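After this come two complexes, each holding chain A, first together with chain B and then together with chain C.
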Partner chain A sequence: MDLVRLVLGGLGMIGWLRRHADAFRGRGDSAPTVPPMDGALRPNTLLETARVLLRIDAPDSLVATRDGVLFSSSAGVFRLDPQSGTVASVRRFEHAVTCVASSDEVLAVGLEDGSIRLCRAGHDLPALVTLGGQRLVCPTALAFRDPTTLIVCQGSARNSPNHWKHDLMQRESSGSVWQVSITDGTSRRLAGGLAFPYGAALGNGDVVICESWRHRLLRLSDGSATPVLSDLPGYPARLVAAGDGGFWLSVFAPRSQLIEFVLGETAYRERMMRELAPEHWVAPSLSPALSFLEPMQGGALRSHGILKAWSPTRSYGLLVRLDARLQPIASFHSRADGRHHGVTSCVEIGSQILVSSKGGNAILALPAAAGDTP
Partner chain B sequence: MTSDLYAKWRYRLIPYHIVGELLAKSWIDSAIPFLILFLVLAIFGSLVPNLLALGNMSDLSRTAGEYLLIGLGLTIVVMAGGIDLSIGSVFALANLLILAVGGFVGLPLWLAIPVVVLLGGLIGLINGILIGYLRLRAFLTTLVTLIVVRAVVDTLLLSYSRQISSVDIQSAVWDFLAFGDIIGVSASFIVAIALAIAAHFCLTRLRPGWHILAVGGSRRAAHNAGIDVRRTVCLTYVLSGMLSSMAGIFYAARLASLGNDTGVGLEITILTAVVLGGTSLGGGRGSVFKTFLGVIIVVIITNSLIRLSLPSGASSLALGTILLLAVAIDVRWLKNRRKVLANAYVSPTYFALPPLQSAAPGSDSPYAINSALSVAEPIGLGVVDGPEDIILDDDGNLYCGSRDGDILRFFAPDHQRSEIYAHIGGQTLGLAFDRDGNLLTCVGGMGLYKVTKQREVIKLSDETNRTLFSVIDDSRMRLADDLDIAPDGRVFFSEATIRYEMHDWIIDALEGRGNGRIICYDSRDGSSKTVISKLQFPNGICMVPDGESFLFAETWGCRISRHWFAGANAGRTEAVIADLPGYPDNINRSSRGTFWCGIIGMRAPAFDIAQRMPGFRRRMVMRIARDEWLYPNMNTGGVVEFDLTGTVVSSLWDQGGERHPQVTSVREHKGYLYLGGIFNNRIGRYRIPGADPEWTSSASYWGASA
Partner chain C sequence: MTDATPLIALRQITKEYFGVPAIKNVDFTVMQGEIHALLGENGAGKSTLTKIIAGVTTPTGGTMAIDGRAVVLRTPSEALHHGVAMVFQETSLVPSMTVAQNLYLGHEKFFNRLRGLYIAAQQFLQSLNFNVDPVAVVGNLGAAQKQMVEIARAVLQKAHVIIFDEPTAALTPEEKRYFFALVRRLKANGVSIVFISHALEEALAIADRITILRDGELVVTDNASAFDRDMIIRAMVGRTLSDQLYHRQGGKARAPHDKVLSVQNLSMGALVRNTSFTIYSGQVTGIFGLIGSGRTETAKIVAGVLKRNFFHGGEVRLRDRAISYLLPRQGVLDGIVYVTEDRKIEGFFEGMSIAENIFAGRLAAKGPKLVSRKDMLELARVWREKLNVRTINANARVIELSGGNQQKVVIAKSLVQQPQLVIFDEPTRGVDVGAIAEIHQIVKDLADQGLAVIVISSYLPEILNLSDRILVARQGRIVEEFSPTEATEEKIMYAAVH
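Our next item is the complex of A and B:
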C-alpha cells in the first residue's frame, strides 16, 4: 500500500485526482467560498462619503510627476490641480490610455492597441511595441525602477486591456512582467504565466506586483515569485508606494460566491460569453448596475425601498493601506449601495490622497492622515 | 442546439423530481429495513433450500409470532423513551406459571391464561412504578428485574419442576395454540398480527398512543403539555409485561418444557429486531410496522443459519454483525436525512423562454422602460409591510394585505388614517369583493378566506381534490395567491406551487417546473376542484367581462393566458401574451376595456440562459448561499396595459426602482391607479391621464350599486 502510494504520489496523480474530485463536487480549492472582509478590511463608507474633487468619465492611472498630478481618461492624459480640481489636457492619443508612469524626464503611457509611448519634453523616444520578440498586447501597469528602466506588466497575451472581463471569464493566465530599458529597448522577463498582473511597485528593491485573477500580491526577486498577500476579498488593481514605506492598494472589483461558482461552470460560462454582451455577464463590474438586463443576486432585492449595504454586488469600491510588509492596516470602502466603485488607482500628494473611481466616474480626495494606523 | 435538445428531452422523459418527493414522505424511514428484508430474503432464499416453502413458513411463523408479541411490548416501551430488559425473564416465568396453573393447579384455560397474563402485567407494573413513579433508571431497574425474576424462576424450577412437569394440559384449544394453522400461519402469529394492528391504530390515531410518542419525544415538553408522564411510562411497562407473558404462554403450549435456559438472551434478540426495524432507542420515533420487519428479518436469519448447519456461535455472530450494520446505517440516515432531502428535492428542469423582446428605455417597443411610476404618491409609507394586493370599496376605502396576516383599511378620501380591518394569519395576498360586499382573500399558507361586512373571518377552502398519481399530497394548499369571482358566484383562485412553502418561492422560480394550478371553489356546496394544473407559478386571475372566461398570469412562465370555464368554449385555454419581457403578477380590469397587469421583475439574459441549464441551477442551489443565488431581476418593475387580443397598449415603469421596484398588483379606481408590492413598505397612487374619473371595479363586476 505504501509503495503504491509512493508511486502514485510521485506521478502527481493524487493531487490531480483530488483536484478533479474537488472540482466535480465543488469542494476544497474549487469551493466557491470567498474570504470575508474583516479585520483591517472591515467595511465602512469612507470612500463613499469622500469629497468629490472632479467628475469625469472613467478616470484612471493617477500619477504624481514633478509637474503635478496627471491622470488618464479615455484617450487623453490630463493634469489635475489637487486644490481647486481644475483640469488641463496634456496629451491626446489615438487609442484609449491604459496606464501611465513617470520618471523625471519621461512619461510612459500604455495604450489600448498594445503600444507604450515614451513622451518627453522635446521629442518622444521610440514607442515600445514588442516584448521579448513578441507583440505587446495588453499593457496594464508601468513603473520606473530608475530613469532608464521601466517595469512593464502585460496583463494577458490574448486579450487587450478593455477585454479584461473576457480574460477573467476565460480563466486565462498568460500575463507576464518585464523589465525594459527605454534607451535601447532591450527587455528581460521577470515572471510569466501570471493571471492578469495589474499593478507594479518597487519595495525594498524588489518588484511587487498584483496578480488580479489570483487575488494576491507577489514579490519578484531573483527569478522567483513569492506570494506576500493572498486571499484578498477582491481583485487588486494598482499598487503605489506611500510616504512612510507602506503602500496603497486599489481593489477594482469584489469577489463573490456566484462569480466563483460561475468560474467553475465551464458550459454556462462559454454559453454566456458566446450569447451575451459583456455588460450582461455574471462577472465583476467596474460600475454599479445600470440596467435591468444585468444579473441580480438574491440579497440585492430591494425590500422596503432599501438596497442593503451588505448585499451581494458585482462592483465595489475599496482602497487598502498596506504597511511596509504589505499587510493591510486600514481600508476605505464604498459598499453595495454606493456609487464610488471600481477604484483603479490612487496617488499621495501633499496632505491628500487622490483616488480614481473609474466605475463612479469621479476622482475623490481623502485626507492623508486617514491612512495612519489607528 | 444539440445540448438544449438533449436537455429538453432528458428532463421531460425522466421524472427525476419524484426521488425528492418520495424522500420527503414520512414513511420513507421504513424503506431501509424493507430493503434489508428484501436482501435477506434474496440471499438466504437462494442459500437455503425450501426456505420459503409453505411448511417452513408455518414453522417460522410460530417463532415469529412469539417474537412479535414481545417485540411489540418492547417497541411500546422504547417509543416512550425507556427500555425493558426483563422481557426474557418474564417470558420464562409465564412459561413456568401457565404450565403450573393450567396443568398442576388445574385451572381451566379460560381462567389460567388471563391469570398468567395479569401476573406478567404485575411484574410490568413493578417495573412501571419503579421507573415511572419513582423515576429510577430504566436500564438498571429492568436489569434488576431480569435478575430477580430469573432467580424466582430458578427457585420455582428447583422446588416444583417435577410436580409441574408431571401433569400435561389436555385441551384442544391448547393444542391449537401450539400447532394449529390458519391459512398456513400459526395461531400465535395471527394473535400477534391482530394485536400489532390494534397497537398501530392506537399509537397513530388514538390519544393514549400519541401520549406515548410525546413522552418519548420529549418528557419535559409532554409534561408541559399536560400529559401525565408517569402514568404513561408505567402503562408501557405494564403492557410490555403482559405481552411478554402472552408470548410465554404460546411457547409453553408449543414446547411444554421447563428448561432453566428458557428465554435467556431473548432480550438481546428482541432488541436486535426492534433496532433493526428502525425504531430509535432514544424514543419518540418508531412504528409497529418497523418492528414487524425487524422480527421477520431476525427470524429468517436465525432459522436460515440453523438450517445451514453453521456452528452454534455463528448465529449470534451473524445477528450481532447485522445489528451493528443496521444501527450504523440507521443512525447515519437519521442524521443525514434532512441533508439528503434538501439535496434531492430541488429538481430544476429545462425551460426555454421565447426570445427576449427589447424593453430598452426610449425605444419604440411597447414595453420601453420609463419613469412614469416614480412620481406615484405613497399611501401608508412605513405603515404597511408587504401589501401584495389592494382593493377599494364603493366608499373609496382602500384595503390591502400584509405580511403579518392582516387586512388593513385606509379610510377615504385621503387614505391617511388606517386600521386593522381583520386579522387572519398567514400572508394575505389576493383580494376581491363579491356581490354582497364581502371581502374574499387568498391567504398564503392557509387557503381561501372570506371577511364579512361584520368583519367576521370565515374559511372557505383549504383543501382540494388530490391528484391521482401525485406523490406529493396536493390536497392541501401551500400558496393560494390571487382570486376572482365569476358572475355565478364561483371563485377561481390560483395556487402558485404545490412543491414549496411560501418562503421558498425562489426555489420554485429556479425549478421552472409547472408546479402550480388553478382551483375553483363553488360556494353553493363548498367544494373545491382543481381546474387547470401544471402551470408555472400561476398568479393573477381576472374575469373577462363576457362572464365565460378569465385571464391568468404565469409568473415564471412569462405569459398571460385565457381560460374558458363556461359557454361554447368551456375547457379551452389559450395564450394571450406568450412572450412578456418580464414576470407578470396580478391582473385587474381597466376602465377602457383593457386589463392592467403588475410586472414584478424583468427578464435578464443571464438568467434566461440559466433556465436552459438545469444542472447549473441545481449546483448553484446546493453550493452557494441563498442570498448569492442568481435571481430573476426583480429590482425593476411596473405595469402593462393590454387587451384581449394580446396587444400591449401602454406600459408604466419605475426605472430607478426607488418607489416601486416590484409591482405585484395594480387596481384602477376613479381615475387613479393604485400599486401594491409584496416587498414594499408603501402603496402607490398614480393619476392616469385621461382616465374615467367615475369608473370603479365593483361597478364593472356587479353593476352600479344603489
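Our next item is the complex of A and C:
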C-alpha cells in the first residue's frame, strides 16, 4: 500500500514538475500557440460579403422546421421566411432564449434561467429544470434525436449561458451532455467533464458535439467520447447536418496567442476578472471592438484608418463546411476588418445557407456551394 | 569569338571504360573568349569529355589540339601548363586556410612573408574585381565566394580555358547572378569558359555556343541563339519533356485527406519566426521561398534535425500529438522523413554501396536487429527497380552514380522507412531532365498513395507543376497560400518578396 502511495505520489510529483516546466518554457498545455487558418480554412470574405437577409439584435439558434426557419433574439423566438426575409414572432419568454430545437410537434427552448421550455400546439409540456437530479444551469444547445428524445448540452454547471466568458476564464470543464425523454422527463448523461459543449448534431446514429473551450468535436457513442476533429483555430458553436451528408459548423470566436497566453496566467486572469468589466477582458468576443475602453486588439494594425484584415483580433466570423468524416472542406469568413462576427448557428435551406451573426446583429444568406475549394 | 582558329579542338574523341564507351567519336571545339555550355542528361558523357580536356583522364581514341598544336594531356598539371583549368563541383580549396594561402598553394616560395602574400592576393583579386577578403578563412565563405577563389586560382595559374562542372548547382539566385557577372568579365578578358549545367535557362542566357551530348555521342553544336528550351530538351532526351516536366497534368488538385502535421507559431532564432501551417495527407504541398525564408530550417525542425527555441519555440503536432525530437531518428520512427537538399553532405554515405545506403535507411527505422547481406541486396534490388536507379549492380558506390541516380538512392533510403510524411527539399537540384521527370513522378505517386508530401523548391515551374497547395515563405514564416488554379509565377514571387 505504501509502495502504491509512493508510486502515485512520485507520478504526481513528475506531473507537477512537468506542468511547471512547460509553463516556464511555454510548451505543452501552456504553449500559447494557435493553429493556422489554412487549407480548407483559408481566409476569404464570403461571409462578410454575404447577403444580409435580416438585421436584428443578436440573432441565434437558427432551426429549420416544416413551416420555415425559427431563430431566437433576446427573449423571443421568431419565424423567418428565407425568401423574403419577413419575420413573425412565435413566442416570447420572460428570460433570454439561449437555444432552440424543433421536432414536428414540439418546440424546445432553452432559457437564460437554466430551464428548457417544451411548447406544443394547444398546451405546453412541463419545463425541464433538472437533469439527473441536478439543477439545469446552462442550456447551450438542443437537438431532437426522435420526436420524444431530446439531446441537451449543458455548457457549464456553474455559469449561465450569458456568462460564457466567465466560464472560459475560470477554465471550467463542468459541462455535460444529456439525453432526455420529454414524455416522462427521465434523463441519461451521455458525457460529463466537458469544457463548454455548445452544439450537438446526429451523425450515423451517434451524437456529435462541439466542446468549445477545447476547440474540438467529439463523437459520443456507447458511453465513450472520441475526438473527431481537434485543434480548431476558433471556439466551435452549433453544428448542423448538411444536405450532402456532411455538416455545417459555426465558430463563434477565434483563438489568439494573446488569449491563449492569458489563459495560462492564473494570477493575471483572476485579477482581470476581479477588476474589469467582462467586455474589457482579454478574452474572445462576439463582436468587433467599438469602445475605446476595450483592450487593443492584440496589436491590431490600422493604416490610414483602415484595419488590416489579418490583424490579431478577439472577434471573427467563421462558418466551416465539414464532410461526412467531419473534416473541413470549405469555409466562409468575416475577417478582423469585417462586421459579421460571432457566428453561433446556421441552417441549410435548399441551395442556400442561413447564418446567424450574433455579434454582427444580422442573419445572412449565402449559396451553400460557395467556398468550395477549386 | 575573336579568332577563327579554335583554342581547343577535339576530333573523334572516344573514351572507353572496360570496353564500354563513355563517349564515342565526339568533335568539340572551344573558341577564344567564348562561353560554351555543355548539356546532356546524366550519363551523356559531359563529365568524361571535360575531364579529357582538363587532363584528368586520357582518351582511348581521337586527337586533341590546343592553339592548333596536337597535344596529349596526361595530368591536370599538364593541362594547366597549356592554360586549361577545371573547377569541380566540390571545390578543391583547403577550408582551414585563408583565401590568399589557397591562391598560392603549391607556389609558395622558400621564405614566405604572409603580409606580402595578402597584399599580392588583394591586388590580384581586385584586378579581377572579385570582392573577397584575402585574409578570410575559406571555410567561412559562402558558396559563391568559394567559387570566386577557385576561379581566381585558375586565372592566377594563367588559364586561358576554365571548365566548370555544374558551377551554379550550390548557388543561391543572388550568388548565381554574381557568378554570371564574373564569367562575363572573364570572357571580356579573353578567357574561354566551358560549363556543364542542368539549368537550361542559364545556358540559354549566358552561353555563346551550346553543345549537346546524348548517350556519349555528339548531337549538336550551334550558337545559343539557334536554340530554345524545347529544342534543347528534345536534343538531350530525344523527346519533348517540357510539358511532362513543368505543365500540370490533369489540372485538378488532389483533395486533402486528414490533417497530418500542424506547425503552430514555430520559432528558431531569426531564421524561423512564428510560422504556422498545416499539412494534409493525400496531397503535395509545395513550399516556395527565397534563400533565408526559413523553409529548410522549418522542415529540419519538424524532422528533428534542428531544435526550436527553448522558450516559446512553438508547437509541432503530428496527427494531433505534440512532438519534439531530440534526435532525427525519433522523427523517422514517427514516420517523418526529410530528403535533404544537400545529398552529398547529408543524404548518403559516399563510401558505401547503394545496397548499404538503402539498408541504412531501414536500420534507422524499425529495422532488423541483425544485418543480412541477402536481405540487403534484395531490398536494394526492389528499390532499384521501383525507382529505376540506373547502375551496373547494387554494390556500386553511390558517389559513382550520376546526380539523378544519387537522388533516387537518397529517396529510396527514405522511403524504406515507411513514412507518413515525406519532406523533399529541392528534390531535383543538380539532376538531369530525364531524372527530373522520374523524381516528379515518384513525388506524385506518393501523394496518390495517400502520404503527406511536402516539396520545398526554389524553382517556380516545379512548384506549380507538383503542388496541390502552394505555401509561400518569407523572412522565416509562411505568408501566403495559393491553390494551383489561382497561382501564377508572378503572384508567388510577389508574395515571396513583398
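Operating definition for what follows: the second predicted complex is superposed on the first by the 350 of 374 C-alpha atoms of A that agree within 3 Å, B and C clash if a C-alpha of one lies under 4 Å from a C-alpha of the other, contacts with A are read in each partner's own complex, and residues count from 1 in each chain.
We adopt the following convention: a contact is a pair of C-beta atoms (placed from the backbone, for glycine too) under 8 Å apart; a residue touches a chain by one contact, two chains touch by 3 or more.
Here the structure is a predicted model, which is why all the values come from computation and not from measurement.
K.L.:
Given the superposition on chain A, are chain B and chain C in a clash or a fit?
P.N.:
Taken together on chain A, chain C would clash with chain B, as the superposition shows.
K.L.:
Once the structures are superposed on A, label A:10 by its partner contacts, choosing first (chain B), second (chain C), both or neither.
P.N.:
After superposing on A, A:10 lies clear of both chain B and chain C.
K.L.:
Check whether A:32 is in contact with chain B, with chain C, with both or with neither, and answer first, second, both or neither.
P.N.:
Touch partners of A:32: chain B and chain C.
K.L.:
After the superposition on A, what does A:42 contact: first (chain B), second (chain C), both or neither?
P.N.:
second
K.L.:
Quick check for you: in the superposed arrangement, does A:276 touch first (chain B), second (chain C), both or neither?
P.N.:
Touch status of A:276: first partner only.
K.L.:
Applying the touch criterion given at the start, work out whether A:133 contacts chain B, chain C, both or neither, answering first, second, both or neither.
P.N.:
neither
K.L.:
According to the stated criteria, A:243 is in contact with first (chain B), second (chain C), both, or neither; which is it?
P.N.:
In the superposed model, A:243 contacts neither chain B nor chain C.
K.L.:
If you tally the residues of chain A touched by each partner, is the higher count for chain B or for chain C?
P.N.:
Looking at chain A, the partner in contact with more of its residues is B.
K.L.:
Go through the superposed model and pick first if A:223 touches only chain B, second if only chain C, both, or neither.
P.N.:
neither
K.L.:
Just chain B (first), just chain C (second), both, or neither: which does A:267 touch?
P.N.:
first
K.L.:
In the overlay, answer first, second, both or neither for which of chain B and chain C A:205 touches.
P.N.:
A:205: touches no partner chain.
K.L.:
Which listed stretch of chain B (4-12, 40-48, 58-66 or 130-138) steric-clashes with chain C in the superposition?
P.N.:
The listed stretch with clashing C-alpha atoms is 130-138.
K.L.:
Between chain B and chain C, which residues of chain A are contacted by each of them?
P.N.:
Common interface on chain A, chain B vs chain C: 26, 31-32, 257.
K.L.:
Can you tell me which positions in chain A touch chain C when the two form their complex?
P.N.:
For this pair, the touching residues of chain A are 24-28, 31-36, 38-40, 42, 227, 230-231, 257, 327, 329, 373-374.
K.L.:
If you look only at chain A, which of its residues touch chain B in the complex?
P.N.:
Per the stated touch rule, the residues are 26, 31-32, 256-258, 261, 265, 267-268, 271-272, 275-276, 280-282, 292-305, 307, 311-312.
K.L.:
Quick one: which bits of chain C touch chain A in the complex? Just the residue numbers, please.
P.N.:
Listed in rising order, the residues are 253, 255-259, 262-265, 276-278, 280, 310-315, 317, 320, 322, 324, 469, 471, 478, 481, 483, 485-486.
K.L.:
Write out the stretch or stretches of chain B touching chain A in their complex.
P.N.:
3, 359, 369, 385, 506, 602, 604-607, 609-610, 613, 616, 619-620, 622-636, 657-659, 661-662, 679-682
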